[in-house]
Amino acid sequence: MTELLRIGLLGAGRIGQVHARTIVQRVTSAQLVAIADPMPGAAATLAARFGVTQVTTDCLDIIRDPNIDAVMICTPTTTHCEYIIAAAQHGKHIFCEKPIALTLAETDQALAAVAAAGVKLQIGFNRRFDANFMRVQQAVATGQIGDARMLHIISRDPAPPPIDYIKTSGGIFLDMTIHDWDIARFLIGADIEEVYVQGGVMVDQAIGAAGDIDTHITMVRFVNGVIGTIDNCRQAVYGYDQRAEVFGSLGIIETGNNFPNAATLSTATAVQRDLPLNFFMQRYIEAYAAEIEAFVAAVTSTSTVPVDGTDARKALVAGLAAWQSYHSGRPVKLSEIG
Amino acid sequence: MTELLRIGLLGAGRIGQVHARTIVQRVTSAQLVAIADPMPGAAATLAARFGVTQVTTDCLDIIRDPNIDAVMICTPTTTHCEYIIAAAQHGKHIFCEKPIALTLAETDQALAAVAAAGVKLQIGFNRRFDANFMRVQQAVATGQIGDARMLHIISRDPAPPPIDYIKTSGGIFLDMTIHDWDIARFLIGADIEEVYVQGGVMVDQAIGAAGDIDTHITMVRFVNGVIGTIDNCRQAVYGYDQRAEVFGSLGIIETGNNFPNAATLSTATAVQRDLPLNFFMQRYIEAYAAEIEAFVAAVTSTSTVPVDGTDARKALVAGLAAWQSYHSGRPVKLSEIG
Amino acid sequence: MTELLRIGLLGAGRIGQVHARTIVQRVTSAQLVAIADPMPGAAATLAARFGVTQVTTDCLDIIRDPNIDAVMICTPTTTHCEYIIAAAQHGKHIFCEKPIALTLAETDQALAAVAAAGVKLQIGFNRRFDANFMRVQQAVATGQIGDARMLHIISRDPAPPPIDYIKTSGGIFLDMTIHDWDIARFLIGADIEEVYVQGGVMVDQAIGAAGDIDTHITMVRFVNGVIGTIDNCRQAVYGYDQRAEVFGSLGIIETGNNFPNAATLSTATAVQRDLPLNFFMQRYIEAYAAEIEAFVAAVTSTSTVPVDGTDARKALVAGLAAWQSYHSGRPVKLSEIG
Amino acid sequence: MTELLRIGLLGAGRIGQVHARTIVQRVTSAQLVAIADPMPGAAATLAARFGVTQVTTDCLDIIRDPNIDAVMICTPTTTHCEYIIAAAQHGKHIFCEKPIALTLAETDQALAAVAAAGVKLQIGFNRRFDANFMRVQQAVATGQIGDARMLHIISRDPAPPPIDYIKTSGGIFLDMTIHDWDIARFLIGADIEEVYVQGGVMVDQAIGAAGDIDTHITMVRFVNGVIGTIDNCRQAVYGYDQRAEVFGSLGIIETGNNFPNAATLSTATAVQRDLPLNFFMQRYIEAYAAEIEAFVAAVTSTSTVPVDGTDARKALVAGLAAWQSYHSGRPVKLSEIG
């Protein structure tokens, strides 16, 4: 592969648009050559913005196209497995948004297809590529804080997604905490052994009516004995709250939010600064670029991808265990799930 | 009581010395008139520093002294009940360090004696008088963050106490978390309903051998539905870590550590500041003064004390529930304890 | 001009490379079509990185090219006037790095040519497009701090430029403070009336031998009565120090440095964070994109450019006045210069 | 002097009250035995608060009292010289609020009397005893920032003093900047060589009518080549602004304001904290205690006082030079003054 990696994009929705822009504007070793979206006109509109000529409403057109090296799957979760399997069978490398599926059975099918085809599969756990979380991970991994003892993750969205999304998303533990299960493993460098959930509906009763909760704290214990908490809420009026800290025998590493500027205003009333960056499009713009650069680097070399299918599976297991803990009111071991 | 409140101090140990200094130097409406400590010379040494003339090795001497209006009980926990009961019977107002006792039975005996005598009893939950925690409480109580949803308390000591202390202290949930049970109730303005503990020995195996643990995170649920966590460790190498945050529907209030100065040094290596204040003697010096001022104000007026015996009892119940959760590995309701 | 703005780049050096990348990757309404650099191979190397096909060693080739709409002048300062004049005569819109020239006579010639041709000229005062300085300016302009009284600018480079650069740069007041003269006017919204310099050689005697100084504080007085200081040093071992504050009758707005991450590490030694972003390539990457987007927007519409030739002239006058103050040891009015 | 140092207080006004409280409540090696104030009742009122029995309306009563070891002069500036001279002649050690006098002649008379009597004289430059400024000084003195290059001091009061005070205070350079002249010397460890002032009336025209200004920035050059600025304003609506930074070859040390608590509130509008401590009574309460402890320690031992009459004289000279610079519009060397 001495030329630019030729990428086809499946799904021209919100995250598909982010990735399209990233590939075109930031990733010099790849090019976006085709876009598919079943909604009429969606692919064409996005393609026009970035000078992409090949558009289709059938994702399989791209998967089957022999001139395409890799696909980015940004379609709804329910379609991920089908496209992963098809793409693997056609020898395409795959970047897939999280989660792979809402069930272990489907996830395992997809992973088996990827393994059988020998293609590379990277999962869109973008936070691993964020400068703040990378710095925390580095401090832990290099021993700057000694032996880790405790972890705290706070991850709150500025506002809830539409109720229609919640109905099919798998709920908070699979659509939102899914990032935190992964970043927890990334920061501590060990798998989660057990979870215990306290949570409920505090933001909007309609979320409860849809079978979901909107607020929880989950206690996690890792296989290496580290204990920690994950705090999620679907609504934080002050913006996207994305913090983490790891406390260890030699110190603590903490990271806070990112802000649109470094200015402080002091008046007769208060000392204040502007709110943190509002949501993931602002907060993780650099991380999105870095994860795709890493994907392109991996599939155009002999390297492994930095976040693979087993990472996705482990996050799914944690999410399913969390639901079981929530419903049963007791701590649940991940080994009970699968 | 038109004159200065005449206070007798029981116990000339570490916290007794703090309170002696506070009464003499900071509390203009009271005077320290007598000091008792069973260790020969201890009372006299302390008395000499602050110009106190009346010393004894028998705490009951002070309790029985008709010229004394109030006693401060700073003796070992095992003696608190006896002295509370005796002081109440002699009509003395009482300031007692936490906890009252390690069992509910003893605690209830002491509270009954106080009630029967009609004296005032204040418990030494000094953190309620700290400017940082007061500001958090104020934000919650006045609605600045709307309806509270989640609480996080981090409370870590710089170094563990002596093993001998741990052997009789009731363990981490009664000697250390005791402050956090209380401050949690104070910040949220509601009682704790249930606790779930994850923890163990991460700092020193000798602590485990003494029957205690040194590190835990406890999930708490309050009767009003708020959920939260308390994070304790007996060793934080960077100093006394005393933080809290309450997240609500309209915002979040957070408070951090106090530092010896506001200076920042930037060199070719890092941007740095000096470590936070190392321990409670530095961190809570103002809070100790404020709690005694509040006690003196209450007993010299018709006001109630700001932290009373029922607050002590509730913290004890939470601590006992936490031990039960730790040993059983399941969530424990405080109503199971008493 | 219904199509993309066709830009030719003059100068493939450090800042030329920054702008080339920005146009290609960030500015969707323009395209980079040609690169000129007198050093053999320089233009070609840069062109290859960004898929530009037209390269030359003669800047005038680009200036004369009828297919090019606008030029970006990133050549050495001594050539700016010649290229501005030539470009204006060929009807090209011009983006020119600061300063236009080191003398008022040349600057005025260039501005006259621009005026005569009716083309648009924007100067590369990138800091006006930085989120931090924009926020300060906004606070001042919208009255959030009331009537401005005092300004402080701190602007220190991590390390000095090569001595060869210093020999022809016009010295610190024209190669470095040039940005601060402009940002001072931008923040206060008024022209500088008088300057008074204290400074000297504190970093490297070779800088003094080259006829320059490396450290100064300059007092400035604005025509509206605001007073302020500009602090420059060619070496700050902790990185690029870019701060400003404006104090007014209703408050103060301050802005600090930008950092590579928001993480804080606390150990037994200190509480620390990583150093600020090291230099302009990191610190102002977004500002460079924003200034070119603003240029493209202006020349493809009827708008005026946000930073024009008179802004460049005023910064030059301030720099010349500062040199005069330094040499004479007295306050110098800008009206003495021209 | 094997007993407590017996101190007499001259002046029961604002700062006299601060010092009275400090001696009584904080300084264990001294006692306040007498208070004098010419205003009828003033001394008695203050004396009653702190259990002092000896009161008078004639300061000389205290100065002549053979049972008093030291005097604290907290009377109006115009009386300082007379009382210093009288106290020295009566062999009393002296703590005197700044400045000694508004003229060099009087100051030198007072210093001569002190020298002749061999008593100790400490000046009330309290900021030298503040933890923040001490930390900055320590960083400079111990080489943590290498060779100092530049200093910035910001010192703004929350609100102007009464116009009547201003009329006799010597104006901003002698009543307010007097602290900054001293702290500048303290931080840099060198004397000021030259000053240049820009300033005027920006807060209240009545201040101008009283012959004073309310806002200035003064450029200072030290004899060791360090350059710096002092920024003063008589009104900062956000509170008492007391900052400093020293930049050197190996780094920078900066210090900010002190706050009543460490809490941060984030709402849908802004991230904010409470205003800094409002004025010197809050900000420097610990520094006031420390300076008196240092005075008592010096006069009860063979040590020299940490801030002496020559420090007061040097601050006065700088203030007089600043007025001359303001009126002449040119830099003024301190050697021109005396």
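Every chain is named by a letter (A, B, C and D) in the order it is written, and numbering of its residues begins at 1.
We take it that a contact is a pair of C-beta atoms (placed from the backbone, for glycine too) under 8 Å apart; a residue touches a chain by one contact, two chains touch by 3 or more.
All figures in this text were calculated on a predicted structure; none of them were measured in a lab.
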Look at the interfaces A-C and B-C and say which one is made up of more C-beta pairs in contact.
-> A-C
Considering only mean CA positions as chain centres, point out the chain farthest from subunit C.
-> B
Using the average of all C-alpha atoms in each chain as its centre, how far is it in Å between subunit A and subunit C?
-> 39
Could you tell me the distance, in whole angstrom, between the mean C-alpha positions of subunit C and subunit D?
-> 43
Where the centres are mean C-alpha positions, what is the separation of subunit B from subunit C, in Å?
-> 58
Of all residues in subunit A, which are in touch with two or more distinct other chains?
-> 237-238, 250-252, 266-268, 274
Which residues of subunit C touch subunit A in their complex?
-> 25-26, 28, 49, 131-132, 134-136, 139, 144-145, 250-258, 260-268, 274
Can you check the complex and tell me which residues of subunit D touch subunit A?
-> 237-239, 266-276
In the complex, the residues of subunit B that touch subunit A are 147, 149-150, 152, 154, 156, 196, 198-200, 202-203, 215-217, 219, 221, 225, 227-229, 231, 233, 235-238, 241, 247, 249-252, 329-331
